[in-house]
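One chain, chain A, appears in both complexes that follow, with chain B as partner in the first and chain C in the second.
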Partner chain A sequence: MKRVYDTLRSVAESILAAIIGLVVAGLILKAWGYSPISAYIALFEASFKDLYGFSGALANATPLILTALTFAVAARAGLFNIGAEGQMYLGALAAVAASLFRLPPVLHLLVALAFAGAAGALWALVPSGLRATRGVSEVISTIMFNWISRFLAFWLVANVLVDPYRAEKTITVLPPSRFPTLVRGTDLSYAIFLAVAVALLVYFLLRYTVTGYEMRAAGANPDAARYGGVRSAKVIVLVFLLGGITAGLAGATQSLGRPPSYAVFSGLPKISNLGFDGIGVAMIGRNHPLGIIFAAIFYGGLQSGARVMQLFAGIPLEMVRMVQGVIVLALALPELLRIFRGFRRRRVELGGER
Partner chain B sequence: MYRRFLVGLAVLALLALPLAGQQPQGRVALILDIGGRGDLSFNDMGFKGTEEAVRDFGWEMTVTEAVTAADFLPNLRHAARAGVFDLIICVGFLQADALNQVAPEFPDQKFAIIDAVVDQPNVLSIIFEEQEGSALVGALAGMLAAHYGYPYVGIVLGIEIPVLYRFEAGYRFGIDWGLRKYAEVTGEEPNVGLLWVYTGTFSDIAKGKAAAEAQIEKGAVAVYNVAGPLGVGILEAVTEKLEELGREAGPPFMIGVDANQDWMGDGNKVIASMMKRVDVGCYTAIRMVHEGTFEGGRILRMSLANEGVGISRFLDLLDFIDFGVAAGAISAEERPEIAANWAAMRASLPTWIWKAVDELEEKILAGEIVVPKPTTREEMLKVRELYPLVRE
Partner chain C sequence: MPEPLLKAERIVKVYLDGTVALRGVDFEIRPGEIQGLLGENGAGKTTLTKMISGLLPPTSGRLLLGGVPVRLHSPKDALTCGIGMVHQHFALVANFTALENIALGTGRPADQALRASIEELMERTGLGVPLDTPVENLAVGERQRVEILKVLSRAVRVLILDEPTSVLTPVETEELFNFLRRLKEEEGVGIVFITHKLREVLEITDRVTVLRRGEVVGEVMTRETSAKELARMMVGAEFRARGRRPVELMTEIPVEERRVGAERAREPALVVEDLHVPADSGGEAVKGISFELYPGEILGIAGVEGNGQTELVEAICGLREGKGSVRLRGREILGLPPLELYRLGLAHIPEDRWKYGLILSFTVAENAILGRQRSPRFLGRLAMLKWGEVFAHVRELIERFSIQAPGREAPAKSLSGGNQQKLIVGRELSQEPEVVIAAQPTRGLDIGAAEYIRDILLEMRDAGKAILLVSADLDEVLELSDRVAFMYVGTFTAITTPAEVDRETAGLYMGGMKG
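After this line comes the complex of A and B, so read on.
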């Protein structure tokens, strides 16, 4: 009964937040002389009017579900994992690297995904080890690792995986290891099923397994969990490895499943920020795997809306991004407040110690 | 229910619209790359040319910018699906793959693309011989370094794409030519090297500044901006160095790109610009559709010969001061001061250097000199080997 009430309350909070966000953004639009009504029609028609638009929203949502899970799993265990971005870059490239050799269909895709997950997990290993053994703040270390990964990725694109005929990109992923397109004439590929399946898997893990219980316990009250026999070092490493895998897979969904170019370009223009956007999605989805699926579709829809607002409502991109920013911020606010309130409470209870 | 609500809103919105003016002669969608408006170079040039054409021919325009490269394909598809545009212009090489996919899906839609060849029957490809213009600014930079006794010339590039290879190759060739010219005229053998870096971005202005600072610290007399908006950061680096030296005008200088950027920084910090007339390209494409002479599958080559590329001159400076005013970067009152500063800056160099640049231009136009034009990484590596420009 309590759970049903909590869920309803969360949904009501989100709806209220969305309305506030829409109103505030609308007032700003109005102040600058744009029509909020035609802007919002364009924004929502882009994704929720027909199959074509909805497919676009789902295609945008695919990687975001996975990077949001990276953040959410850690947040559930009381950790701030900002590392999805860097892990995702390497996942995207590892998936491309699987095209250096030839394998039969299906197997090739699985191998590429395994590469991607492994690369992401590997990249998460050092920050998690530092946190588990030396108490190094995972916020700082994951942010630093994002930069290392970014420049490592630049180097890999330009020197190791480079397409010999086109210097601006990596080799193209071989067709057997691509995700086939799900809806013809759109960006949507079968990768969406992978993302949703992983989210369900994480939900199951967190809710119905001992490991998941330990993770949540460590997040809810680390001292009580330790007292109860939970090994916090193990939990930290597990949480990071799991997050690394989902982030790596997020990268793979882009290099293996996003037309037209199944490759990573120099400067990473197609995958940059998917990890950071995932944090916003996790916030909107209340760090809950199922909430994240809906949040990602909504967020993906906003991204498609950017296009239609520019094309048919004549609103410049800067304004469009302002509108999106306000809506996302409003929606993320309830969870953000909850997290900080939790931190403060814990700090007070433990006398300043985290 | 939801649909009905939307329809209701749509009707309301239509009623609320002021009565539209007369029907436009045509409609163009301008699909910009990541970075978009405000770069004062590549994308703004596309906007400028389109805007001029729209004004001249009574058309209407819509602009769409990409947030990430994942937007390229859906941006194009959405515009094409709408079926209301007489022409869709893609500005930027990176959109080539997306256009290659979308063009056959909409065979009746006319497209144009800047900076790439997309071989489809409904696409006009507009490409530039950047190596020719880059050779001219390269020659200037080489002679500048020798003249002022600086050890290096610099270049800051964006993402390593074949388009930028043409800039780099032309620049290298030009520097080498300029240094030999200097030796020939003065009898002194200059010892000048090239500092070059690909920053991997066309949007991160801070990276442009950091890269230029490093080159200027090592003694680069001029930094060639081949990364669109990063020029803003490069100019900051130049300006800060000049403040440190207690000077108003360069050296060190920036060399501008795409637009005539000579007006930036009060008119005395950008010694010259390699103009790449993206505006002329867009204008021409719209004119062709307007006049019914548009032919898909064609390549429009913009070179020194048809003034598609070139080194900046006084005539276009005034035009581009207006461009800067329109972009809000400077105010109209600054115009005379900028023009005067610019003239003084150019006059501070010996006339023979400017004449030498003209000479190189004439020789390229006459076909006596062919500037290397690499298309693959291998060919680029060969050019680097041929013109290593390492200081002894």
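After this line comes the complex of A and C, so read on.
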């Protein structure tokens, strides 16, 4: 009963936040002389009017679900993993690397995915190890690792996986390791099922397994978790490995499942920021795996809607970005506040008087 | 007699949760006098001084400063009126120098003018501190001096020190005392000295006010009193009459026989030998404690809080590092992780319910298996928790320990304090442990819940468990324990039986007077 009530409450909160965000952004649009009504019609028609538009939204949502999970799993365990971005780059490239050899269909795709997950997990290992054994802040180390990963990725694209005929991109992923397209003529591939399945799996893990129990315990009250025999070092490493896998898979969905290129370009233009956007999606989805699925679809819809808004409602790109920002901020605010309240409580406990 | 600097009249303080901390207290601070404020935990010492230093408003009553009524809204107000307080926990920025910290505390720039005035102050009071060393590199005693200088630089007439010697070495304590005497005689400052240490009260103060349960139970001139009289006033002469209900027996064997049977075993369940535990603030919180705990007995540890009990318990229970030896039925357990200890049969009812005992945002069911989440009963295939079993377990706990909960899926924070504690106690005892470490098990509970917990402890004892009861409530310890130890600054001043100590002696032991 209580759980149902809590869920309804969160959903109601999110809807209210979305409305507030739309109104505030609308007022700003109005103040600069644009029509909020036609802007919003363009924004939502693009993604939620027909199958074609909705496919675009889902295609955008696919990697965001996975990178949001990276952040959310860590957040539930009381950690700030900002490293999805870098782990995702390497996942995308590891999936491409699987095309250096030939395998039968399906198996090839599975091997490519395994490569991607392993690459992401490996990249998460060092920050998690530093945190678990030396107490190094995971925020700082994951951010630094994002940069290392970025330049490593530049180098890999230009030197290791480079397409011998087109120096600006990697080799093209072989057809047997591609995700088949789901809706013809759109970017949407079967990768969306992978993303949703992983989200459900994470939900199951957190809610029904002892591992998830211990992760949540470590996040909710580290002292009590220690008293209850939870080894925080183990939880930290597990959470990061899991996050690394989902981030790696996020990268793979882009190199293996985003027509027409099936490759990674130098400068990483198509995959940059998917990891960071995932943080916003996780906030909107309240760090809950099921909430994240819906949040990612909404966020993906905003992204394609933004392009249409610019084209058809004649609103400059900067304004479009502003609208997007205000809405996302409004939606993320409840979760952000909760996180900061948690921080403050912890500080009071540390330094406060009885 | 000189006119009092500050007078508190009929001060009453009722906290928002209904706790009455002070019940009409009169208190005076006179110039050139060191006034001791003595009392057990919860007697109201800290509450009273917080009101004098502007941290808390009184519920009723008034403060007179030089005969004029004042209202203090903040510590800043109090400082402006010449009242300064040095707290037990220092408020210093670790990587700032002493001078910078003083500047921060006074709102003045850390310039030559400030340096000159502080140097002059140090000269005058004899309170020397290296001004240009970051305070993190200073000894604890020096840090305290920085705190005192911070307050004195505001030209205070009333200086309040809350348990100032609790962090000091004997030599540092002696230096502090010399300084306080000088401050009193040469500057005419009125000093309030809060403590529970009888020896120090007798050594340094001129006058003593003793608080007990929010009331002034005595005000005496130090030279006209004795440690015995102070101890008696501090802990009270009489037992709280409570009328314990007979313990419900779990077996047919009469209590007496089982007790004798347990006596005969004489094989200790837990042996602690020369246990040393470091304190958070540096130094040692537990300074070489040894004792044996037998099946079928309650060993009570009495003492004013902060004398190392917390550290002792946490070291035994695997939550803190210690040196020495702790053996559970012959097996060395010091340094083992908590879960391992749990498996070996050591249960721990933690002193801080909200820190260690419960995860408040978790449900009752989730809390009911904390620490047992990997036991075969609850752990199924694929690392899945058997929620059916978990719920059955919660039902048992709720029934056996009469826990009032809105539901097993309700968050633990929705339970009352008493029911939260019952949940913890039930969880810890449901595993049928051999040794139970109960730290402040009834603190903050209403009378009914507290009695219930005490009954359970007696029941466990009669069932042959070995129980270590750590409590700041002297009555509770004397009433429940078969043997009692008194803890004072990291050591036992005595181990004896409740029958052999009267309350006066108990007060002396707790104040560190004998041992």
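Convention: the second predicted complex is superposed on the first by the 350 of 354 C-alpha atoms of A that agree within 3 Å, B and C clash if a C-alpha of one lies under 4 Å from a C-alpha of the other, contacts with A are read in each partner's own complex, and residues count from 1 in each chain.
What we mean here is this: a residue touches a chain if its C-beta (ideal position, glycine included) is under 8 Å from a C-beta of that chain, and two chains touch if they have at least 3 such contacts.
Treat the numbers as computed from the prediction; the structure is a model and nothing was measured.
K.L.:
In the superposed arrangement, does A:Phe44 touch chain B (first), chain C (second), both or neither?
P.N.:
Touch partner of A:Phe44: chain B, not chain C.
K.L.:
Output check: A:Tyr165 vs chain B and chain C. Expected answer is one of first, second, both, neither. What do you get?
P.N.:
first
K.L.:
After the superposition on A, what does A:Asn273 contact: first (chain B), second (chain C), both or neither?
P.N.:
A:Asn273: touches chain B, not chain C.
K.L.:
Would you sort A:Val308 into first (chain B), second (chain C), both or neither based on which partner it touches?
P.N.:
Touch status of A:Val308: first partner only.
K.L.:
State whether chain B or chain C is in contact with more residues of chain A in the superposed arrangement.
P.N.:
Of the two chains, more chain A residues are contacted by B.
K.L.:
Which holds for A:Asp223: it touches chain B only (first), chain C only (second), both, or neither?
P.N.:
In the superposition, A:Asp223 contacts chain C only.
K.L.:
Does chain B (first) or chain C (second) touch A:Tyr190, or do both, or does neither?
P.N.:
In the superposed model, A:Tyr190 contacts neither chain B nor chain C.
K.L.:
Looking at the overlay, does A:Gln254 come into contact with chain B only (first), chain C only (second), both, or neither?
P.N.:
Once the two structures are laid over each other on A, A:Gln254 reaches chain B alone.
K.L.:
Which partner does A:Thr209 contact after superposing on A: first (chain B), second (chain C), both, neither?
P.N.:
Once the two structures are laid over each other on A, A:Thr209 reaches chain C alone.
K.L.:
Do any residues of chain A touch both chain B and chain C, and if so, which are they?
P.N.:
No residue of chain A touches both chain B and chain C.
K.L.:
Would you tell me which residues of chain B are touching chain A in their complex?
P.N.:
Spelled out, the residues of chain B in touch with chain A are 6, 9-10, 12-13, 16, 29, 34, 36-37, 62-65, 67-75, 77-79, 81-82, 93-94, 97-98, 100-101, 105, 158-162, 165, 198, 200-202, 376-378, 380.
K.L.:
Given the complex with chain A, which residues does chain C contribute to the contact?
P.N.:
Touching chain A from chain C are residues 87, 89, 319, 337-340, 342, 348, 350, 355-362, 366, 370-371, 373-374, 378-379, 382-385, 387, 407, 409-411.
K.L.:
Can you list the chain A residues touching chain B in their complex?
P.N.:
Within the complex, chain A touches chain B at residues 35, 37-38, 40-41, 44-45, 49, 52, 56, 60, 154, 158, 162, 164-168, 185-187, 254, 258-261, 265-267, 269-273, 303-304, 306-308, 310-312, 314, 316-317, 321.
K.L.:
For the complex, give me every residue of chain A touching chain C.
P.N.:
Residues 1-3, 208-211, 213-214, 216-217, 220-221, 223-229, 231, 349, 353 of chain A touch chain C in their complex.
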